[in-house]
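Each of the next two complexes has chain A plus one other chain: chain B in the first, chain C in the second.
Up next is the complex of A and B:
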């Protein structure tokens, strides 16, 4: 009892400090999480990569986020999708939905596989990860529209998009589509798996949205010269 | 040397402010002190890049009713054009800093802020 009271008198400091979301000095470098980057022998590296390695040996490095792992199953695209689905910081729920979605996709595809005849079986894709990536690729728009002011009026001008922006748009469309246009009794993973399979087959509402964007860009192609970059 | 030139300069300025025959030449409404910043230059408006590629892509879309698999060649050439344009823009931004004999305004402001004009002795 005496020990606990004297323990309370000491100034309390937490054992674990939250470091990752505080602002790092720009001097710190990003961590390299994948094992393949370290398993390459010295001879394979170019001069730049050797310099990078030496720099990493001397400079301080930021702490890795808890979202990245060095396992083989770590996929940055899927991590990004989970983060975008997450609401109020509930990562556990978002990850659950993602795993249930992938499981659901696999179940549906395996069912289709077993029902199909011998000739059709080779065409059916069963790996949910390839289906996810291919569906996302099919949803990415090629050109986007930007609101540019000229002569007092605002015009929708077709512009080229960066890769990050295209990936973000595809994921955002997919998530909003599955959150808004579903029956209140269908689960999110069910609706997501339906949409992903539809996008894999180049049909569905997200692909329609992409086509509408392309049509708008094509209709406004006369304003393309309003861009200055 | 600088202080000698400084004293002569200060005398000149005070003569301008007092003026000959009671009429001052200068009537400054702000303090005669140099700022620690340089005015920004208007960035040169370039032209839109990759317009030909985009128009070719859109013509292909119009023909094939916006199906992407039939226009894959045009899409790839558009992406390559975009990448090249971005790389060119990056290189140009690095080169234009050295030419002209003058520092660009942002770098000049940064330098002046690091070695500011001292108004007071404290």
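Up next is the complex of A and C:
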């Protein structure tokens, strides 16, 4: 085992293994798993993408993690959500909850579809993946607050959020809301599907939380110049 | 520790006379009277004051001759051709003659050309009259500063060339930048080796900046040879892939074998080009062995990525680790075995998808004074 690891870390490494950080040398690049990225011919690529391709040919690549595949059913957003729901490394349970949630959403939407009249049927969305993505989009906050110290006092200053941070906040609110604020006897998948459908329709506690955050940011607009980055 | 030992030569010889009576009686009579006192304090050398060992040119030349002669002797000993005995053959012979199981590779027996063993040293930098040869000797880093001086001289030369062209009206902005190809600058360690003196990171950064400045100027292709001396070629990573050989069994079916490891699991896979898509793991069906969907997805990943899902039969064995690490080990073994059935472009695509890299992540050890690898004990104020 040690022999195979030491074979990886040449020639750009320090001799000491970096224990506190990633096991990989920073020289390694992230893997690209989707099949479509490799089937594009040379002519379609821009100059940057060509450079990226040349760089990838010269550099070693990290191993793909065990949660990703090149299958059409693999969704990075859903994988991230499953990982965030997971407790004590129980991925099987988290994945089970996710599949049950999606199934539940589909059931409810199909029920609604069959009960609805002809005109309303076109509007009803039955694909649980689109509902999940749209609900998450609706929950994402646009601005966040940061606690900045100025003159001995701490002010809540509105700041722009990165894409990753927004996605993380939306997912975190969704999960905590379902874990804490619902009736104890309902299953997690039931709670999640209710909340996701509500967020899809721009209602529910998570959307309310997002609007409250926006209102706070609007109220503290005067301190926006305290931000220096 | 600083015990002084008093060795009486006479008594030692006396003991010898008891065993062998061949010693000259006259000599013993003379020697018996002398007492030689040797203190270990005298034997201790002041190593700090000696400084790094200096190897003279004659000494190194002698070592080189001895190495060449020794190489021929070794070739004769091993029964090989002494004319074409390469360094690899020497290494193999030494490993055979002096087998060592020491973990530190640098502590094992070694036979290499003296240029690789003895560090490069500078010859004496001043003449008999005490005057140094190089005009930048008193800077302390003469090779580095002379390199920077030459580099700046070349920049001025290029600027002069540009001015001449401008005077003639032939200057064009986007002409002839040096094409370097896939290459990198020399690292600081390599530059130090080249200059045979130590430089600081600041010096190295300045050197790189000046080089980049020269490269950015138009008409710098005249100095291409100078620049190439300070660059190393990067070879494509795909060259380094080890492909398992493609064999044929009795029925004419092509198959390949490969192994894979992840965390503490070891796996071995035989990929047969049958066309049925059966998978057996440790004798069991894969559906039985991996009840979890994620593990089966990981098994299918390399096959699905290449689009050859139903083509191959897999006969796998796996041991050790947990369910996820066994699946990962199998995935690596399948990707490696698949390499021999695919073209080079497909192999490169698999490498860039991260299928061929063995995952280096292992369980981090628990540290003393902490509860786990990272978790600290509960902090109590008092």
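The working rule: the second predicted complex is superposed on the first by the 207 of 229 C-alpha atoms of A that agree within 3 Å, B and C clash if a C-alpha of one lies under 4 Å from a C-alpha of the other, contacts with A are read in each partner's own complex, and residues count from 1 in each chain.
Just so it is clear, a contact is a pair of C-beta atoms (placed from the backbone, for glycine too) under 8 Å apart; a residue touches a chain by one contact, two chains touch by 3 or more.
Bear in mind the structure is a predicted one, so any value in this text is a computation, not a measurement.
Contact with neither chain B nor chain C is seen for A:216 once the two complexes are overlaid on the shared chain.
Contacts of A:158 after superposition on the shared chain: chain B is touched, whereas chain C is not. In the overlay built on the shared chain, the residue A:198 is in contact with neither chain B nor chain C. Look at A:126: by the touch rule set out above, it reaches neither chain B nor chain C.
Legend: residue contacts after superposition of the two complexes on their common chain; A:143 is shown touching chain B, with no touch to chain C. When both complexes are overlaid on chain A, the residue A:93 reaches neither chain B nor chain C. The partner that reaches more residues of chain A, of the two candidates chain B and chain C, is C. Touch criterion met: A:229 reaches chain B, while chain C stays clear of it. Across the two superposed structures, the residue set of chain A contacted by chain B and also by chain C is empty. Interface of chain C with chain A (complex): residues 182, 234-238, 261, 264, 292-294, 297-298, 300-301, 304-305, 307, 324, 327-328, 332, 348-349, 351-355, 357-362, 364.
Touching chain B in their complex are the following residues of chain A: 138, 142-143, 158, 160, 211, 214-215, 217-218, 221, 224-229.
Within the complex formed with chain C, the residues of chain A that make contact are 1, 4-5, 8-9, 19, 23-24, 28, 31-33, 35, 38, 54, 56-64, 66-67, 69-71, 74, 91-92, 95. Residues 45-51, 54-55, 57-58, 61-62, 66, 68, 75, 78, 82, 85, 89 of chain B are the ones that touch chain A when the two sit in their complex.
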